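Heads up, there are several structures right after this.
Consider the two complexes below, in which chain A is the common component and chain B and chain C are the respective partners.
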Partner chain A sequence: MTDGSTFAGFQATLLRVLVPVALALIVGGLILLVLGKDPVGYYGYVLERSLLRWGGAQETLTRMAPLLLIAAGLIVAFRAGIWNLGGDGQFLLAAVASAALAPVFIGILPRGLTLVACMLVGSLVGALWSVIPAVLKARYGVNEIITTLMMSFLGTSLANVLIKLVLRDPDTTVPQTRSLPVDDRLPRLFGTTIHGGLVLAVLTVIVVHLMMTRTAFGLKLQVLGANRAAAVHAGFRVERLILAAFALSAALIGLAGAVEVLGVWGTVRADWNPALGLLVVPLVFLARFNGFAVIGFTLFFSALMVGGESAARRVGVPQHYVLVLVALLLLFLGIVEYLDQSRRKSGTP
Partner chain B sequence: MQALLTESFLVSLLFGAVTAGLPLLLAGLGEQISEKAGVLNIGLEGMMLVGAYTGFVATYHTGSFWLGFLAGGAGGMSAALIVLLLCIRRGLNQIVIGISITLGAEGLTSLLHFVQFSRSYPRLAAAPVVVLPALGDIPILGKGLFSHSPLVYLTVILVATLTWVFRSTYFGLSLEAAGNTPAALDAAGVDVVRTRSCAVMCTGFLAGLGGAYMANVGAGIFVPFITSGAGVIGIVLAMLARGRPLMVMIGAALFGASLAMTTALQVAGIDIPTDVVQMLPFAVVMAVLVLFGRHSMLPPALGTPYVRGER
Partner chain C sequence: MSIVAALSKVTKRYPGTVALDAVSLEFRAGEVHVLLGENGAGKSTLVSLLAGMQQPDEGAILVGGQTVRIDSPRRSMDLGIGAVFQRVLLVPSLTVIENLMLGGSWLRRLAREPALRRFGELAQLLGTHIDPDAPVSGLSLGEQQQVEIMRALWRDEKLLLLDEPTSMLTSHGVADLGRSMRRLRDQGVALILITHKLLEAFEFGDRISVLRLGCVAGEIAPQRLQAMSEAQRTETIIRMMFGIGVGGEGGPADGHEAELAILLGHKIHGPAIIDRARPPVLSVREASTAADYTETPLHEVSFDLWPGEVLGIAGVDGNGQKHLAEMLAGQRGVRSGLLRLGDADITHGHVPERRQRGVRYVTDDRLGEGTVGKFPVATNLVLKEVGASPWWRHGFTNWDLIHRHAREQIKSNDIRTPSELTPVNHLSGGNVQKVLLARELDAHAAVAILNKPTYGLDLHNQRLALDRIGAAAARGVALIVISTDLDELIEISDRIGVMFQGRLAGIVDNDDRAADIIRRLMTGAATV
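Entry: the complex of A and B
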């Protein structure tokens, strides 16, 4: 392949991403216009609040950490052809487990060890919560969409039950776990409000991307994702691969929960559920399961969330409008991809 | 324990179970039609939410509950139209488009609600109730099961009708074939795309209807995100029912009862976190799957677009 064609390929990819983004912003703007809001003012405010102001930019970057880790988990599962839609349960249970253990560990272990131990526990809890769907899928072929969704419901309820009945901090009125002192949370980066979880998350996404595309294990998972029968014929131990992909995916999502608790909140309140599990799915698809592209989309989405929440108070557009933009983005991505494919098909004789 | 057996407790439990279970039943039946035809509607939640919104707005402005139900069904169908155009006609990924429908519906309905009502949540008048003759006079059961919105009785009739449609009509068998071996259906001269399109529009209508019932009759108000996972439960019910409408009804009753149980327990003065009771149906279903779920229960062609001549 010559440099020219690589460049053309890159250009085409960029175009396939930028066109849907532009269309989503335009149609979203039209919706705002119809509703009597000022789209230019809204977008301008979101951009300024979330990226151009230093405080907002720090918030945006901090918000990226859990999104990136969840995305890493979804990349593993989706590339292996596994629909892990139970991210919310895995995330929350891991968050609760690490929030419950952190204040205990900090009394007996040094800070660094406490944080690492809690992140490991979080990953383990996430992975454990995927065992039943994984075994049912590997052994009996039970559809994992339904089982992961159900385990997610179970997990979010169980997290609440644990907080309200078992782990409740007796000193607070609202049920929540004992909180980890601010000084013992994940270290901040260079005097900013961004915590070290962001670095971990970025590195994890890159490592996962390389693992999926450059290692034998990753390629085996990709074969499994493309065609299970082919994986069986190639002599792979398919059941083990499914279990491994599921466990790794859920462990990464669990890690996201632990990092969010150890880096930002220090505690989990009852009924807290950021519901990021399904929100990240579109981002991973937009990025076509590519780890580097995921970083870009996560930044975009994180900025929209931070700016959108603030715009709800300032500009009078509810923050859920961001969801409309994401949905439009997905729709246009699908349409552009379809048009692109049919153009190529008709182009070849 | 004495308090659990009082009439008011049992009535509120039964009445609540029907009220909470009906939207699940409608959505589950809708999803079942799609799944039979090989279409996976992950956007069911979004269809319900759009139906809840359009249904509420229609009833709010006209005062008619029937118009509300119709508008809800139409709202659900408008969301289903996206699935029809992009997934069935164009073969785009059903799960991705489904998720985007749900996200978009969540955003759009809260946006529209905000623009119209700002932060106020107007309440509708109580929905009219039809007490069934004779049955309505039975103690406890009469007030709990036989004094509901007419839509409840119509839905029960629908369960029977669908059982018959699936088993013994041309359309029902076409649906089944579209999910199992679409190529064979095509070879038999039936348009797969049209069969699936019909199925998806039915799904949209029923899910929207369920959403409208949820907002107008169940809650009496519309709040953003009102469906809060009902669509997902609908998908679960449809997948567990293995194509049998009666099983959807039993499942919806189970889930409805557990949702109603928390309110009923509060009526009885027993304080227990709602989460405990809400876990029960999922725990039961998972246990059943682990113990007996030994084979796949979905049509082979589920989720895959049909392209003539392609394998």
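Entry: the complex of A and C
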């Protein structure tokens, strides 16, 4: 429940985020020192490349779009107490479906309609890929962590099979789907390289946040997530809620796949798997399932990724060091949260 | 008699309050020492000090004459102190015997045979018949509490703390427990019994101490206790518990005397005027529910209920009461049979439809299913109305209205909470129940089912809950009150039905002969 927070409460929340960020950067810097790298130089380089340089900043913002949409999908599921960890399969299948249809649709439909249709198809495919875990969970109480992960393996493999056997563009040597021409992709914003998917993604996260905190449906999902017995007791249709949460979550993740294809790549190559589904999970936890906070963390992470990639080439720090920072951040956020809670607990009998 | 454990001028402070204020008490071997007191009197703090969950700020705890520092529950057990808490602390997915073996040391293999032997001894001692291989989640709350008692006695403890152990037990179970307590006492165990029920205190206690606002308000030694009549005991103790002086003639003591009269118990629901010539508000005909892995299903239950009537449901815990409550509330499907509310057939209506028609259900599992613990009081007050106007319009939440509604409810129902935004699990048990009663006994209630409405509440809150039930009946609400406390049912009911093995063994008018018949019905010894 995140309503009625005062300014003091907001400040305290901000402090609870900034302190762990600072600690993570400091400890991460120490690790760099041990490895014989210059932490100040690394952080400076990352900052410059990802945010201070215009090209890097555009890249950072562009990368945020799929991350935000996946985060929106995860917020819906996690708040409802459903651990949808099958994001990668849902994302890839939706990407492949929209990549396959876009070149076909563009021949018969206007550009706008093509893009909208492909995004809808992507969402639908994502949602469909969650039906089996959803039904198993709702009907038989099968643990969705296992089923979604399994469906994710199947989904990524099926996506590859589709590209290599069915949807392969005969004109290319590397197996990939037919490309959507650059001019027909999602419109760029004001002459930048950032595509309109970012706006869609930011709006989606905000709408999802408002849905979770200010609608009956959102509250029902939260009750389900907090106490399933209470949801049954209050007479909610628990099975339907589970199916709806699953479908919505996977649809948003599918939308992320479609947006990434329609905005950036225009095609899907075989064996392409950005594996964003699991990368976003810690971000959503860092943001405590809050839509506005997730925008901040996504920006932070996206900048780290973009800067980290350049730094890997220039400073010689492996790209995966970014994940070390995220892990440290999670760790410190957890510690700060724990200290805060035990302080508050000791304050009351 | 030797003193097993003692508190010497123990003080425990929490920010803003003194939970225990220089309390000195002695617990003797071979004696049942009853601690009475309102919630907040310091009983729970005292228990947590002896159980090693907290340390005193000042003063000393002595065990066997030595000053000890009980800094962990394990240390407490090592000192020979066993404890049974109000809340069940068992692992639901493990079996009974597995739960009992949990206390063993780390590296030793789990020895099943000796554990089963000990289980047998204790089962015999307590007079229980529990399958040691049944998963704990499959036991009724009453049975789970029995397992808790076994665990507390597992290592042959010399001091046994019982924090309201009888609240879930039937009168039969309470008698059994009393027998085992006496047997333990005769073996030289020191027992500390915490209870809200005065009659139990008299029946089982050798010595009674009353706590009030963190101080010992008085202690009645065994000789004195035996010399007093029950009426004398009751009045003495109530005066100690609530700090009411011996009333003079007239003057300012009158208010106190009036409160005393309430607390001593009065017939809340007088001879009701129920017009049985009019059609009943609720008719249940041969209703059965599907068998469940854990609970006794209902079998062809039939009864009628008239407006303003209180129908008590007595019975040993686990004889289908839960299914009855859930089936009536719409939370559990009707397998066969018929339910009518007024003129409407509600057999297949779910919770929202029935709630809309005025069916209300106060569950006994207040934090487990009745509320969402980490959600604010305000949200919990409208939990069963999610999506309904006026709090939701076209699916959008009007938080301002919900919060205003909550503030009104908090005021009119005297719910003690810092604010309407406080998570409901920060409230005391009595106040959680006030939240539920406010939500369920609202102005639109027509039929209300209350499952164990006074369970776990202190005397004051028990009276409040019963008062509220009486007031609802006076308004014309038809009430079904399920309880294992027969005295309570006799006090408030017009008729009392008895559940036995999923059947309604009979419904008797609440007159002088009722208690006798009910006790026989409860054990299946008779039918009506």
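Following the convention adopted for this analysis, the second predicted complex is superposed on the first by the 344 of 349 C-alpha atoms of A that agree within 3 Å, B and C clash if a C-alpha of one lies under 4 Å from a C-alpha of the other, contacts with A are read in each partner's own complex, and residues count from 1 in each chain.
The definition used in the following text is that a residue touches a chain if its C-beta (ideal position, glycine included) is under 8 Å from a C-beta of that chain, and two chains touch if they have at least 3 such contacts.
For clarity, every value in this text was computed on a predicted model and none was experimentally measured.
Student: Looking only at chain A, is it chain B or chain C that touches more of its residues?
Tutor: The partner that reaches more residues of chain A in the superposed model: B.
Student: Quick check on the superposed pair: does A:Val281 touch chain B, chain C, both, or neither? Answer first, second, both or neither.
Tutor: The answer is first: A:Val281 touches chain B but not chain C.
Student: Counting only touches as set out at the top, which of chain B and chain C does A:Ala216 meet: first, second, both, neither?
Tutor: A:Ala216 contacts chain C only, not chain B.
Student: Go through the superposed model and pick first if A:Asn160 touches only chain B, second if only chain C, both, or neither.
Tutor: first
Student: Could you say whether A:Asn227 touches chain B, chain C, both of them, or neither, answering first, second, both or neither?
Tutor: Only chain C; A:Asn227 stays clear of chain B.
Student: Using the touch definition from the top, say if A:Gly235 reaches chain B (first), chain C (second), both or neither.
Tutor: second
Student: Applying the document's definition of touch, where does A:Leu304 land relative to chain B and chain C: first, second, both, or neither?
Tutor: Neither partner.
Student: Could you say whether A:Val142 touches chain B, chain C, both of them, or neither, answering first, second, both or neither?
Tutor: Touch partner of A:Val142: chain B, not chain C.
Student: Okay, in this complex, where on chain C does chain A touch?
Tutor: 14-17, 19, 330-331, 350-352, 355, 361, 363, 365, 368-376, 379, 383-384, 386-387, 392, 395-397, 399, 403, 421, 426
Student: Can you list the chain B residues touching chain A in their complex?
Tutor: Listed in rising order, the residues of chain B that touch chain A are 40, 42, 82, 86, 90-93, 95-97, 99-108, 110-112, 114-115, 224, 229, 232-233, 235-236, 239-240, 273, 275-276, 278-279, 282-283, 285-286, 289-290, 293-298.
Student: Please output the residues of chain A touching chain B within their complex, sorted ascending.
Tutor: Going by the criterion above, the answer is residues 31, 35-36, 83, 132, 136, 140-143, 145-147, 149-151, 153-154, 157-158, 160-161, 164-165, 278-279, 281-282, 285, 317-318, 320-328, 330-331, 334-335, 337-338.
Student: Any idea which chain A residues touch chain C in the complex?
Tutor: Chain A reaches chain C through residues 1, 3-4, 213-220, 222-223, 226-227, 229-230, 232-237, 347-349.
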